[in-house]
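Heads up, there are several structures right after this.
Each of the next two complexes has subunit A plus one other chain: subunit B in the first, subunit C in the second.
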Partner chain A sequence: MSEQLLKVTIDNITVEVPAGTTILQAARKIGGDVAPPAMCYYSKLQGSGGKCRTCLVEVSKGSEKDPRPMPKLVASCRTTIMDGMEVKNITSDRVLDARKGVVEFLLINHPLDCPVCDQAGECHLQDLSYEHGAAGTRYEFQRRTFKKHDLGDYIQLHMTRCILCYRCVFTADQLTKTREHGVLDRGDHAEIATFIEKNLQNDFIGNVIDVCPVGALTDKTFRFKNRVWFTKPVDAHRDCDTCCGEVQLWMRGHEVFRVTARKDEWGEVKESTKGGTGWICNTCRFEKKQVSDWEIEGPTKVNRHSVISQGHYVGLQKPEETMPKVMDGRSPKLLMDIHSVSEVNKPNIELSKLDRPAHSTDFNQ
Partner chain B sequence: MQALTNRAKPVERRPMTWLESIYLWNIIKGMAITFSHIFKKKPTINYPEQKRPFSPVFRGLHVLNRDEEGRERCTACGLCAVACPAEAITMEAAERLPGEENLYREEKYAAKYEINMLRCIFCGLCEEACPKDAIYLSETFAPSNYTRKGFIYGKDDLLIPDPKQAPADFAKAKGLAEA
Partner chain C sequence: MGRKLLLEKAHVEGIRTYEVYRREGGYRSVEKALKSMSPDAIVEEVKKSGLRGRGGAGFPTGMKWSFLAKPEGVPRYLVCNADESEPGTFKDRYLMEFIPHLLIEGMIVSSFALGSNRSYIYIRGEYAWITDILEQAIEEAKANGWLGKNILGSGYDLELYVQRGAGAYICGEETALIESLEGKRGNPRIKPPFPAIKGLWDCPTVVNNVETIAAVVPIVNDGGEEYAKIGAGKSTGTKLISACGNINKPGVYEIDMTISVEEFIYSDEYCGGIANGKRLKACIPGGSSVPILPANLLLKTAKGETRYMNYESLSDGGFATGSMMGSGGFIVLDEDQCVVKNTYTLARFYRHESCGQCSPCREGTGWMEKILLNIEQGRGKMSDIDLLWDIQRKIEGNTICPLGDAAAWPVAAAIRHFRDEFEWHVNNPDECTKRNYGLAHYADPIYVPA
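Let's look at the complex of A and B:
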């Protein structure tokens, strides 16, 4: 029975998938715009999904045997397909309208502090609201705020940005031996927190940064160091005893500003070449910030439409330097060396070597 | 060849007469035009003493803005730098320490902010990109300089004077008071 492939039509594209596949996974198999966006569902985490409602789709035909449409929009990450099912995602106005409403709800308490947030540029909520959301807000009340929790030296928690997707809770549950944080309180007050400010000390806890779809959990060692789109992602690996050691370095010049796991086109951590999901350990993520620690494989391919590809002049052909040739090998005298004047990127202040955000004291040396 | 319009004039190639060749009449005609301009309105102004008002959409030297309490508005979000077609803007961000709340508006701020005026094309895209009302193009020119070094503008060149500490300078920078 499990060998049998079932037909499902999503946005008039038919695909054959094994029984038990969810609509979202089938849509991702087709790829492109057909795949509904997902904020809480994470294919590598068991039990995730069904919370954010951004992946709502319309089922216009239940199955071959029972062709009645489903009366309400369904969450595609939690609904398994039936044989002959017909699903409408971007072809349905109802879905687009519902998704716009969902985005509005997600943004109700979101502080929209993207200029300060380190996630900006690779934030799923930013992409989602840009594609599906309304330009303005109708919310007139104070946005909720929380007491600040300290999650240790490595991870920065901004509870106001959280959309309660539970991904980090599943990550801690499934990747680490002990889970020390969870969702406390209910409803409007629900928040990600650790009991009695207990630090998260597990080897793989850094992965909560990668799974977080918004800027609620960010890397404290990268905090405010640079914007994501000014750093260049490079694939690299090292021999690590605890994890696969395959990572992405976010570099600027020869400085490693940030280390993350490699992500696939859905923003999820990629499979590693050694098999299994390529989660990386805290040592690789937070403590190896030297180029010499890594074996660099080459630049990561970035989607051309992503802001991260700004300033990457792919296929650039530099004109030949003719000056030294005509001047008998002497290079021309520079009228100004920018580094002698510029105050930015001073060689004696290496921000990437700091394990905390830079402060005014670091610049006034 | 057929003329395209009837305004074409055939060139006269006959030799000038003696009266024409002394140019007397043409000189008198030219001088009359010159003298008539003495009584007309002057289109020029005496520049350093007199100045023309700038157009309200004039894009001149950049200014980094402060809020009403004199705190810097810039949070080093990098949107001006990413919008800049000339790649003239660079910055380094830092986290606000406790006790610096009166200096910076948000928890992140630009510790270093630099505009390379040699690169800048004064397009105003940085002003449009800024989400925090922090950068503005003012109605002044970048002053000339003998060296290239003088065109790398740091934060001390760009920041508007503090409205609390130096209200007179602030008013002058805003154009509210007479210079």
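Let's look at the complex of A and C:
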């Protein structure tokens, strides 16, 4: 018997999804602005979600059988749909108001140190506050700080930036055999920590960096080395015994600055192309920083609205070249072509004729 | 004098021991239930009685019991919520401390009705000595054949365990309690699924308050219909109220929910009036998390009717002009009390007790506390009052568990009814640290004791 599809209408757009789907997953199927933001939910981690409250939506009709609306806003990541359910996300003022409140709550104790944060540029909290936050803050008190914890040579913990999404805790629970960290204390002084200063050590623990929506857990091998928007993501793979070996290299020139797992449009680690999960091991992430370690597949496609895509030249609209007009139709010539006097990298073509920056392939012709 | 069901024998000498409790008619309900009633019949009696949950929400117990899923081959659990941590509430403590066998008896009957073979009493960590009392009572009950295998030859087995919490308010929330009982961090679970479907160790579970379970004993003894005759309307039976604050006779009182609030505060049988001849300013009628009410709205509803001590009457007028029965922690404030300071104290409590799982509660409670402290210490601004209102509005209803609501309601009600007191704090920064705003128009116009 084929599985019955249930109808759900989100912001007046109807989709059919199998039973057991959550509102958030159905909305992601529609995509675009209809998908509520999610800071703590991670589809690959069991039990995640429901905590950050950014994905709250209004259920204006419970189901075909029981059309009563739900009195409270519900967390769309943990509410499964019923047949005929009607959901309001961006069409509901109540939802937008509550979401604005949640963003404000998340930001009051956030240090807002984006200029020195390695996550800046790919931070979900940045995106969220850009879309739903206010320009100023109403919080006039000292922001909370924590005692520093050292998590070893690979992972840097900035507890002040943490929004307590619990994703890293679920990751450690579900990917690794030994659980070494968790949430200590409660309330606004709750913190991610290892119990009594221990290093996080096991093969897959590096994935907590990938799941962290903010800059609380960052890569120590990449720390302060570069900004993410200066580096170019490149898909690459290698044969790895412990993981799928499919990664993204974040390169600048020929230097590999950082290695991460491949992520989909919702910022979650993609499934491996071989099937199975796309989590990568610590060796791939932290040790293999040479281009020669990898087989490069090609540039990663990045959403053109992302700040990361500004390093790409593909499909760039160039401003009109006024030089030839000014020079009466004569093309400008380089005053001195360094390659004409150098024996190294001597190109066979005139570099000034290129309508783009010179590339290594140009020199080999 | 109202009728007493639970505390009737509380003052008999030695009632804490099994011999005296049994001599006074204890464990009759177990005999009756196990020998002559089926589990469904007991649930039916509880439904007929109209008993409502005594922990705070007031959900009909019979209905809660009938929601319990009963899949084949899966154990079911009854958990007694003795994590009584609401500021101002101490009724369960009294009951467990003085007549522990009443709770044990109620647990046996309720467990039989729900088909639980292992039941738990989750008690707050601070009640350390009560744990000993309960454990001794369980030992005595076991030695006399009321617990263990094949109780009274009925073929029904029951083991009863007492589990101490570690002193967290949040573990009074039923799903957090279950997490804690499983040995995990006491974070509330995201509902659904509800405990009646997936509770303790993913098995169907019922979590009930101490007083609710104790009330099952008279229901089984006398029948549900008899129990429903006591009280008024949908508030059937008797209710334990722990009265505290500026009254002459603080303590635990058993009322039958037909008396008026005025009678409860001023009659000598109950609170005996406001202490030191002062006047009544305000009251939090159901434990710290319910909205505070000024005297004039406490004694009479907005429509001018007398307010009674029962679920319906106390919540008459919604949150705009009413409050809630809550857990029965009746906190009375006289004219010398400062509402801003009182609200700050409550906000500090909720900030400290927030589990930190969901963002509105984790961040919002701390923010409210800081603003309230500023206002209380004369450093507030007029815009802070509106900001407080906005913060509480954004916490309420947007959190995983009711702790967010519980933190938001007292602040909302204080601003709603006592806004001029907040404004006075802002306008008189020096004076507000030295003296209290006083009564203004909140004093009761009806009754001033001589």
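Convention: the second predicted complex is superposed on the first by the 312 of 365 C-alpha atoms of A that agree within 3 Å, B and C clash if a C-alpha of one lies under 4 Å from a C-alpha of the other, contacts with A are read in each partner's own complex, and residues count from 1 in each chain.
Here is the rule we go by: a residue touches a chain if its C-beta (ideal position, glycine included) is under 8 Å from a C-beta of that chain, and two chains touch if they have at least 3 such contacts.
Here the structure is a predicted model, which means the values were calculated and not measured.
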| item | value |
| --- | --- |
| Which of subunit B and subunit C A:H359 touches, first, second, both or neither | first |
| Partner chain in contact with A:Y139 - subunit B first, subunit C second, else both or neither | second |
| Which of subunit B and subunit C A:V326 touches, first, second, both or neither | neither |
| Which superposed partner A:R223 touches (first subunit B, second subunit C, both, neither) | first |
| Partner chain(s) touched by A:A120 [first = subunit B, second = subunit C, both, neither] | first |
| Subunit C-facing residues of subunit A, complex | 49-54, 56, 72-73, 75, 78, 97-98, 101-102, 104-106, 108-109, 138-139, 141, 144, 163-164, 166, 182-183, 185-190 |
| Subunit C - residues contacting subunit A, complex | 168, 170, 185, 190, 351-360, 362-367, 370, 387, 390, 393-395, 397-400 |
| Residues of subunit A touching subunit B in the complex | 113-116, 120, 223-227, 229-230, 307, 310-311, 335-336, 338, 340-345, 351, 357-363 |
| Touch list for subunit B against partner subunit A, complex | 75-79, 81-82, 87, 90-95, 97, 100, 106-108, 111-112, 114, 116, 131-132, 147-149, 152, 154 |
